[in-house]
Structure formats: C-alpha cells, structure tokens
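Following: one structure in structure tokens, then a few remarks.
For clarity, chains are labelled A, B, C and D in written order, and residue numbers in each chain start from 1.
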Amino acid sequence: MTAKIAINGYGTIGKRVADAVAAQDDMRVVGVAKARPDFEAKMAIRKGFALYAANPDAGTKFEKAGVKVSGALDDLARAADLVVDCTPEDSGYKPLYEKAGIKAIWQGGEEHSLTNLSFNAAANYEECLGAKFVRVPSCNTTGLIRTLYPLDDQLGVTDVLAVMVRRATDPGDSKKGPINAVEPELEMPSHHGPDVQSVLPKLNIHTIALKVPTTIMHVHALAVDLKRATTEDAVLDVWKRFPRVAFVSGADGVRSTAQIMELARDLSRNRADLYEIAVWRDGVHVTGGKRLFYFQAVHQESDVVPENIDAIRSMLEIQKDGRKSMEKTDQSLGIGIVK
Amino acid sequence: MTAKIAINGYGTIGKRVADAVAAQDDMRVVGVAKARPDFEAKMAIRKGFALYAANPDAGTKFEKAGVKVSGALDDLARAADLVVDCTPEDSGYKPLYEKAGIKAIWQGGEEHSLTNLSFNAAANYEECLGAKFVRVPSCNTTGLIRTLYPLDDQLGVTDVLAVMVRRATDPGDSKKGPINAVEPELEMPSHHGPDVQSVLPKLNIHTIALKVPTTIMHVHALAVDLKRATTEDAVLDVWKRFPRVAFVSGADGVRSTAQIMELARDLSRNRADLYEIAVWRDGVHVTGGKRLFYFQAVHQESDVVPENIDAIRSMLEIQKDGRKSMEKTDQSLGIGIVK
Amino acid sequence: MTAKIAINGYGTIGKRVADAVAAQDDMRVVGVAKARPDFEAKMAIRKGFALYAANPDAGTKFEKAGVKVSGALDDLARAADLVVDCTPEDSGYKPLYEKAGIKAIWQGGEEHSLTNLSFNAAANYEECLGAKFVRVPSCNTTGLIRTLYPLDDQLGVTDVLAVMVRRATDPGDSKKGPINAVEPELEMPSHHGPDVQSVLPKLNIHTIALKVPTTIMHVHALAVDLKRATTEDAVLDVWKRFPRVAFVSGADGVRSTAQIMELARDLSRNRADLYEIAVWRDGVHVTGGKRLFYFQAVHQESDVVPENIDAIRSMLEIQKDGRKSMEKTDQSLGIGIVK
Amino acid sequence: MTAKIAINGYGTIGKRVADAVAAQDDMRVVGVAKARPDFEAKMAIRKGFALYAANPDAGTKFEKAGVKVSGALDDLARAADLVVDCTPEDSGYKPLYEKAGIKAIWQGGEEHSLTNLSFNAAANYEECLGAKFVRVPSCNTTGLIRTLYPLDDQLGVTDVLAVMVRRATDPGDSKKGPINAVEPELEMPSHHGPDVQSVLPKLNIHTIALKVPTTIMHVHALAVDLKRATTEDAVLDVWKRFPRVAFVSGADGVRSTAQIMELARDLSRNRADLYEIAVWRDGVHVTGGKRLFYFQAVHQESDVVPENIDAIRSMLEIQKDGRKSMEKTDQSLGIGIVK
C-alpha cells in the first residue's frame, strides 16, 4: 500500500517535494495546500494535484479567482498519513497536524526545537525511524552535512570553518535584492553552525555567512582540520562512497555556479534541479596532511528534496535501511550521474 | 525512413536542437560536432550522441582530454541528409557542406545573404520546401515575427516600433557583463528590424535595442499601428489562433521574467525551456482603436528550437503542410500548455 | 538677506538639496529633519546641519541612539521661509506647513494635485513666481521635460513615445531587487506621460516603463515626431541652447551608463552626481526629416536638485528671471562642463 | 622644491593618484601618459594635466581623434623625478624608466619580483626610504595589511584565514561579468596570501578568493588566531591607533557595501572614494580570547591611493618619518573623519 502524503505550502520546496513524492512507487500525493491563487496554484491543478486552501482566507481568495479547490487543509490532513510542511517559518500548523493525528516533516526555516529531531539521510536515518515529527534542515545546513559527515566518519574532523557566500533570493523572485552589494551576516556564528550540530552534535564548526547578488546557488568555502593525515585523492574517494555529492571541474569549463546550473539543465532533470552538492574537484587542497580546503556549491531550491523523501520512508518505516531508501530515492530522481 | 540530421556546434542552440531532433519520430541525430572537450562535450556522450571533432585542432584537444570522438566533421557530414549549423557566426562551414552535398540550416548569427532564405514556420514554411540552404533568424527576430505576423495577417500592420530590452548573456556564461549598467545600441535601427524584413519584407518596422544586466530573457515593448480598428480581446484572439504564443498575467503573479522562467520550470520541460513567446495578457493595450501596445518576453535559448525542427521538415519535404509540421513539433516538445 | 530653507526628509534627494542650498549665496539651510538616527543623520551633524526630529516618535529614537537634535519639525518650520519636503510620498506634512505659514516644495513622489503647480526651470519658472506650494516632478519626468521642452519649443513636437528602462533601486539600497529579471509596468501609459503633461499640458506623449537590475541610472529610448523637418546636427544645436543637457559619445568609449557615471565621478562633483540629462550624441537619429530617435540617461538621484534650487528662487521671488537663476544654480554646482 | 611626478597609465588608479598628487604641496603632476583617446583622456586635459602618448601607436590615435598631446612618454619621463606606473600588468616600461634615470612605483598587478620591495605605509615606510623601484601591492593585499599589521604588531598573530569575496569588475566597466554567478578561485592559496607576505614576511596567512556579481567593493571575512588573549573592544582600540581603518556599524544602518559607498558619497570626497578599509564594528567577534573574526570592506579603486603618495615621499626622501607622511597625506585627502 502506498503512503498518503500531503504537502502544505506549494512554493519553491513544496512543489519539488510534491513532484518527488509523485515519482516514487511507495508513496503518493493526496493533495497540496496553498494560500494564494497564483500561477503556481494553477500549475498544481494542471499537474493533476488535488489543491486545498491552506486557510479560510485562502479559500475565499481561490473562490474569487475562480480556482477550484478540493477542500480545506483540515480535509487534506485527515486524508493523509504524513504531511510535508513547506510553509514559511513560524506558520504554526503543528496543532492542526496533532489534532489530525498525522506525522509531519518541517523544513529548515523552523527551529530544531520544534521537533527535537533533525534529519539527514546519510547521518541519522535510523534515528528517525517511526518518528512523529521531524525537521529537514535548510539547504545550506544540508549541504554542509553532506560533505562534512563523510569526512568526520572516515577521517575524523577536529575543526571546521565554513564561509558561506549565499545567493540573495531564488530565481523565481524579483522583489528582493541586493542588486549590487555584498551583505555580511554580522551576528556570529551564523545560525548554520548550530544547525549542523542539530544533526551532528559533536562536530566543532564555526560558520560565517555573506549575501551576494546572485539567485542560482550558494557557494561554501571550507577549511577543515582532520584527525588523520590524508591526500586530495583520498578525500575525493571518501565523498565518492557517500550519496549526493557530485564532482565538477574547472578544467572542464565549470568555472562558476553558472556552468554548474547549465550542466544541471543539460541533465534534463525535472525543473533543471541539482539535488547533489557540487564539489570542485580541482578546488580540493590539502596542506600539511591534515588541513583540507574545498569549495562546494548548493542548489538551494532542491538539495533537500531527496532528504524529504527519505525522511518520509524513515518516519513511516516503509524502509528500515537508510542506504536502501537513499538508493531508491536517487534512482527515481536521476541522481548519481555526475561522478 | 527517418531523416539523418547532423548538428555542427553543440552549445546553447545546438544541444537544444539535438534533443529536439531526438524527440521526433521522423528524424534522428547521426552525430554532433564540437570544438572543445568541455563538460558539454562529455554530456553529449552521456546522452548517447555520437561526438565528432569540428576541426583538426579540436580533434587534438579531444584526444588530449581523453574524450573519444567518432570522427571528424567531414565524416559526420557524409553520414547526414542535413546539417543544422549552430556554430558561432562566420564560422564558414558552407563550402564543407556543399562539398558533402548536404542541406544546411544556419542560425540568426549569420546574415540573410548567406542563404537568401530566412525561415519562420508560421510565415513562410511553404516557401522553404525543398530548399538547400535556409537560415532561422535569431531569437529576438523570431520573437518579433511570432506576434507580428499574426497581427499583420489578421488586422494589417502599418507601422511597428519595437524597443528590445535584451539580456546581456546566457545563464551558462559567467564572463560577460554588464553587472550594473544599461547599454543602448547606438546604431539605429538595430539589426533586428531589417532581419524581420528578411521574412516579412513588406513590414514597416523600426527596432531599438538596449542591453541590461540579466541572463534569462529578452523583453520587447511594442507599439503597433494597425489598419483595422480592434480591441484588446480581439488581439488576444488573433494570437490564440497562431502557434507558439503563450499568455502570462501580472494578476497571476507573473510580474517579471523571473516568474515566467519559474513557470517554465514548473512545466517540467527539457532544460526548463520556454519555446513560446510569452505575452502579458494584462499588458496589452489598444488606444484609439488602431494603436496597439504590448510586452512580450523571449527565452533566447530556446524559442528558435521548434523553428529548426520545422525547417528540417520543410527542406527535406518530410511534410508539405506547415501547420501539420508545427503541430507535430509542438506536441513532441510539450508546447501549447499555457494558453 | 539670505532665504532660510528647511529640508524635511534627509534621504537621497533631501541630503542633495541641503548641500545644494548650502552652496548658494542667496539662501541657507536652517535645519534638516529626519525620522531615523542612522548613519545619514550622523553625517548631517558632521556636515554642520542642525538636525530636527521629523516627528515625536523620531525624537524618541534619536534620544535613544544618543544623537542630539536641535528640536522638532515644528520648531524648524517656524524658523524657515520655505521647506523642501523630500519625505516619502503621502507623508502628509502639508497641514503642518500651512499652520507654520511657510512655503513648500514637494518632490515627484507626490501627485500634481497636491500643489496644482509642477515646476521645471526651463519650461515654467515664471509661472511659479511667488507661488506658495510647488511640486518638482520626479527624476524621470524631469529628464523627459529637459529634452522634450526644447524640441517642442524650437521644432514643434506632434507625438512622443518614450520607453523608459528604469533602474530598480538606488545605489545605497540593498533590499530591493530584481537581481536577475526585467519587470514591465503593465499599466499603460506609465504615470510619467501624464506627469510630463503636468508641466507641458499640450504635449502628446505616451510612456512605457520597464524595471531592470541596475542601480545607477535610468535610460530612455525616445521616438519623437516633429512638426518641422530637421537634421541630427540641428537637434544637437537645439539642446545646446538649453541648460542641463550634456552630451556623451559612444565613440569616446561611453558605451553604457557605467561610463557615464564614471565620467561623472571624474568631474569631481559632490557625491559624483550628474545633474544633467546625458544624451548620446551618436545615438541621435533622424529618419524622413521629421522622426527623431534618441537615447538619454538620467541620474535619478540628482537631476532634480538644480530644479529645486530654482524653484526656491522663483517661489521666494529672489530672482524673477528664470535664465539667470538657472545660470547661478549651474555655476554653483559645476554644471555645464560637458558639452 | 616640489617633486615632479609623472603618471603612466591614466585609468582607475592612475587618475586617482594624479588627483592625489595634485592635492599635495610637496609634489606636483608634470604629466600623465595614456594609450587611448577616450573620455578619460579628454577629462585629463579638462583637469589641466599635460597629456602624453604612452607609445607611438597611441600618438597616432590621439592625433586622429584630434586630442592634442604634449609629447611622448620619453619626454614625460625626462621631465620627472619619479613615475607612478598605473599601466596594466606586464606593460614592461621598466627599461624606459631605467634609461630615463627616474624612480618608479608600480601597482599590485605586477609581481613582487619586479622591484623586490613592496610598500605599505604603516608597515615598512622606513624600509623604502630612497629606494629606486617600489611596488604598492593590490587593493586586496593592502586591505589585508591595513588591519593585520596592527593586530600582529600589538597582539601577535599566529595564523590568518582570509576569505575574500571579490567584486568582479570596477563600476566604470560594462564588459565583464558574471551577471549571476559566483566563481571561486580554484587555485589555492589565492595570490593574496603570498602577496601579503611580500610586506609582512613572517605572517602565517592562507587566502581564499571568490568572485561575485558586484562592482563596488570587496568584502573580506577573516579568522585570526592571536598570541595574546583579547576582547572585541581591545581589538577596535588597536585599529583606532593606526591610520586608514574606518568603522561602520550595522546598527547605524550600514548593512552592506551599498551603504558604505553611500556613506563615502556623503563624505563629499573626490570621486566619492573611500581610502580607508571599512570594518564593521558589530561584526568583530572574539571567541575563546584568542580567536578573532571580523569583516572588512575594501574600496578597490582607491585604498592604494594614499599608499602611493607615501611611497613617493619615502622614495624621494621628502619626509623620513612615515607617521608624518601618512598624516599629511590623510589630511590632504580628508581621511580620518569616520572613526
């Protein structure tokens, strides 16, 4: 029997999770809830998703706009086994889910304290088996865990300094800037460091963030102190053994995030997404055996999508083995081509 | 028997035409030629296209980079019925095609005088039946013809002023700017006006172009004087009867090119392309009955792709009826959803 | 006796008008009012301007931030002959000015109906002599009047189509976008056309606006139908006879707004401003004798500054002759170098 | 007697050094040499600088463009005591200067090995006294030395990691991108680390660089390990005792480089330059007593200008005391206001 999944919040992450759920054979989308009758809502209907009004006010708006909905969020919650909440942070739907008696996944905009359980498929799939409420950390945090967990697991990490050059807004937004400025996050560490520790509590990490005028990807520059001496090739080998890390190369003409997203489009995936964290092969440097530097790029719109699918399987205990869930998810999404 | 198509030049347009040819049942890709062994070349092989070296120098580069090629451009030309030349302007391959005795299509970077026949499926499909050499005009010119030809055909156009706010470079490029400036094209009219006349020789049109710091789409602001008085609804009806014009709406939240490309990604098409010209429904205005203003957005990377497919069918006389070719092309590419 | 001028609103326009007033010998700044104790407020004090709290709430904020103010806006108003209101639109200070019995100038964010008198030094200086309330239209409107009024005056204008490629926000702002999109103003005509008519009521003009990701200047592409046949040189001669139009040239390497602002910085003016409207000399084209095309660039932060100074002189009848006021203003600001 | 200074290369740096030399009372500009007759050349003449043709080819170009020059670079060299070479890297004028028997300063585009003496006023003024050939390191390197030298001098620095988020091109350029991408410098360390060591040979520093789509400033995120335990206030006190470090504050609304450059414009300096390195006061963080994090912004067009003036005084031994030269330079340029 396929699991019945609801999506609350049909924006950047929500619509991607919906498509990814629809691409699995062990779960299906019973409906998506949205607050505004904009083009994304119309597209949801066109795609065949049952559309629900996220709140009474939304219901009125949909009616006015002539967009037919299948009911209210309450109705959707009752029909589902699990809801993936992709609403803006602090939307406060937890009581509704509790009342409906369904499990729920939140995204990284929420605090870890909302669920006390933050998920990363490679790092703690088994820990989340059967859990009622789980949070998938943000794109940046997930990106950091993707490459740091393998390093810590295989080589031992004593200290991490990550400087995160963040895209300012998503490609589909035209309101936010800056157009021509760099904005450092003056509070330190940025929230990402503690957020990584919500999954990897023993990791010693300091994060620094700056916002720059680009929409397509975040780029992280990392300095990692290792317990065991290593080489650049050995580090690449570590990452090859873990899922959802892809390699790109300046020597192949992939000089910037522009070429990474071009390569992602060439892969003919849904929405031209790149679920993997892209590491520049020729940007990996080891000095003195134990200090590792590397650059990675994060597609902020999609890297958490496979994690959400795995979290569903873990929480609903569809699959007890994390590795097997990841393989299934990755195959369904076309992940693994670029190595 | 399926037509054997070669692609020379596997960049922005070439790789899209290759995928589009591969999506047809009456033609197939016999090979793609490329000059540099970069990530796009590797992706071509991954996609299953036979890769050829576009010139001897390229052959050496491919060998050095360890990228295996199936031969030289000469070999590819001999194996094909028609070559779609997507190389940079003035690459000068015409003699090679003539020697190989194959038909050829060039893109809009070339002058009309190279072929003396410029193609637009809706406007002059029949004129190009059986032609040896044909040119598909540039993205901007094709975009102008897409909406102007229907207007002229149905309502009569006496005068057009088109101001074209052009994207400065494609999303996959990171070298070109400007980052923070607007650059008018001081020569006037810009080359687009005469280029439109290469397909619609009687159209009275003046074009003005400016380059702005964006990568995703061109936007045209048009002022059109009509022979017959009309209304906004009547104009929309005209465009609905012609292919490859899509409507978007500010009222639906599509305020800028950011949301148009977001909508394109939501369509789950290959590379998130938008082959249609997008017209803002609520940006169409008629004053005094005979003066029409409208805005349209052009996805510079892909709008000429369906025209190339139709040009192939016309030149090889696979289909004598332009309407039928367009329908077939559009169905294969998923065009027609957004109306 | 020098006129006592208050500035209410010390942002982009206000701080420039304050500096410009301070540069005159027939008027002086009695104080500037501001709502927030940010770095601009501190800079005002550093410059020696008496700082006032624009409202009671602002007074509290200034006190908390330890920024000493000279009093409230009421106090400032009583000390002044005229206030230049550079507050955001609809700030609603008119009753306060009326109560204080002082004259006032507003900026282009306000509607013409607030004053029923909109000002442009070349066009209607004499009309505003002694007026109580006057409005200086926005940067774009002022830019259009600067070049259109001379054309109409000397050659007769029958019809204008202006397409305005607008900067999205000012250089000092880092919140607003778009970062990578073009946004057309779907309502038509844009408000600029009617706004030009608030000064030049008989001018037949249609304006179209688009917002693009740049911060430094607006660029206008204009198509003007003239009554009398002319030539490109004759048009340049017309503009040379009127103030505040400067010429730049693509042949000199001024290809875009980047080089115009570079040139403005090279002029060593205050804040690197360009008060003139910059017209590309080699972008002026006349077709058929009576149709004129040209491009102009508008420095949105400063082109209205000299108009404000002249408006003060006109309203306080310091100088009855507009030409003489303009000359005095221009000399004080260094205008007139680039011809 | 005032020193006679020639400027070879009148672009971004050259024109600023020319203005700065002209602002001193112990040196004067005897001429500026340029290669192209563009708007900057015309502006040089307008400013009263004698213009020379940088090479024979340039001479021809100037003649064709009708721009009158005072002679060739040879003539200029013979008339000068010292030349400030602001030409593009590897322009190769050293033999010419040697033949003319004049001293020369190069900019950071050149290698340290060209002069074997790299200059920073605070760090090694005395070392360069009387030197024949000196190099002023690049904007980024100078920026790093400005804040690191004081830290090392006062608190002892054991290790530095600097991640440099670089502007992609200068505001006056409209050719270079990226428009929407982040480009890491894959080679590591970036050249800046060794370049800092050309002035501070004992400093242990690793630099990482990324290019982002902005034109106005570089931003550095630094992690510094100190010998002696300190506090945030103590660090700010260290920098206050050294010249050319300015403080800005997010609490004052200076959230990004946009507001820093706005503040610079408010200072009414020549070209709205900011010669100081701007450090965010509320972005300085000390953890564990000995690890310091901070952000600084570098105005790439102007921070080396005062260093060039001091280098002239040191090389020509106009002033033996570096502190006194710096004070004189700073006073002439208006430096020191923002503390």
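One rule holds in what follows: a residue touches a chain if its C-beta (ideal position, glycine included) is under 8 Å from a C-beta of that chain, and two chains touch if they have at least 3 such contacts.
Everything numeric here is computed off the predicted structure, so don't read it as measured data.
Trainee: Could you name all chains that are in contact with chain A and with chain B at the same time?
Mentor: Chains that touch both chain A and chain B, as defined above, are C, D.
Trainee: Which chain is most remote from chain B in terms of Cα centres?
Mentor: D
Trainee: Any idea how many Å lie between the Cα centroids of chain B and chain C?
Mentor: It comes to 42 Å between the two C-alpha centres.
Trainee: When the C-alpha atoms of chain A and chain C are each averaged to a single point, how far apart are the two points in Å?
Mentor: Result: the chain centres lie 47 Å from each other.
Trainee: Residues touching two or more other chains, restricted to chain B: which are they?
Mentor: 171, 173-174, 178-181, 183, 213-216, 255-259
Trainee: Applying the document's contact rule, which stretches of chain B touch chain D when the two form their complex?
Mentor: 168-169, 171, 173-181, 183, 213-215
Trainee: Over in the complex, which chain B residues touch chain A? Could you list them?
Mentor: Against chain A, the touching part of chain B is residues 15, 19, 36, 38-40, 42-43, 46, 171-174, 179-180, 215-216, 248-249, 252-259, 261-263, 265-268, 270-272, 337.
Trainee: In the complex formed with chain B, which residues of chain C make contact?
Mentor: For chain C paired with chain B, touching residues are 161, 163, 165, 167, 178, 180-184, 186, 188, 206, 208, 210-217, 219, 221, 223, 250, 255-259, 280, 282-283, 285, 287, 293, 295, 297.
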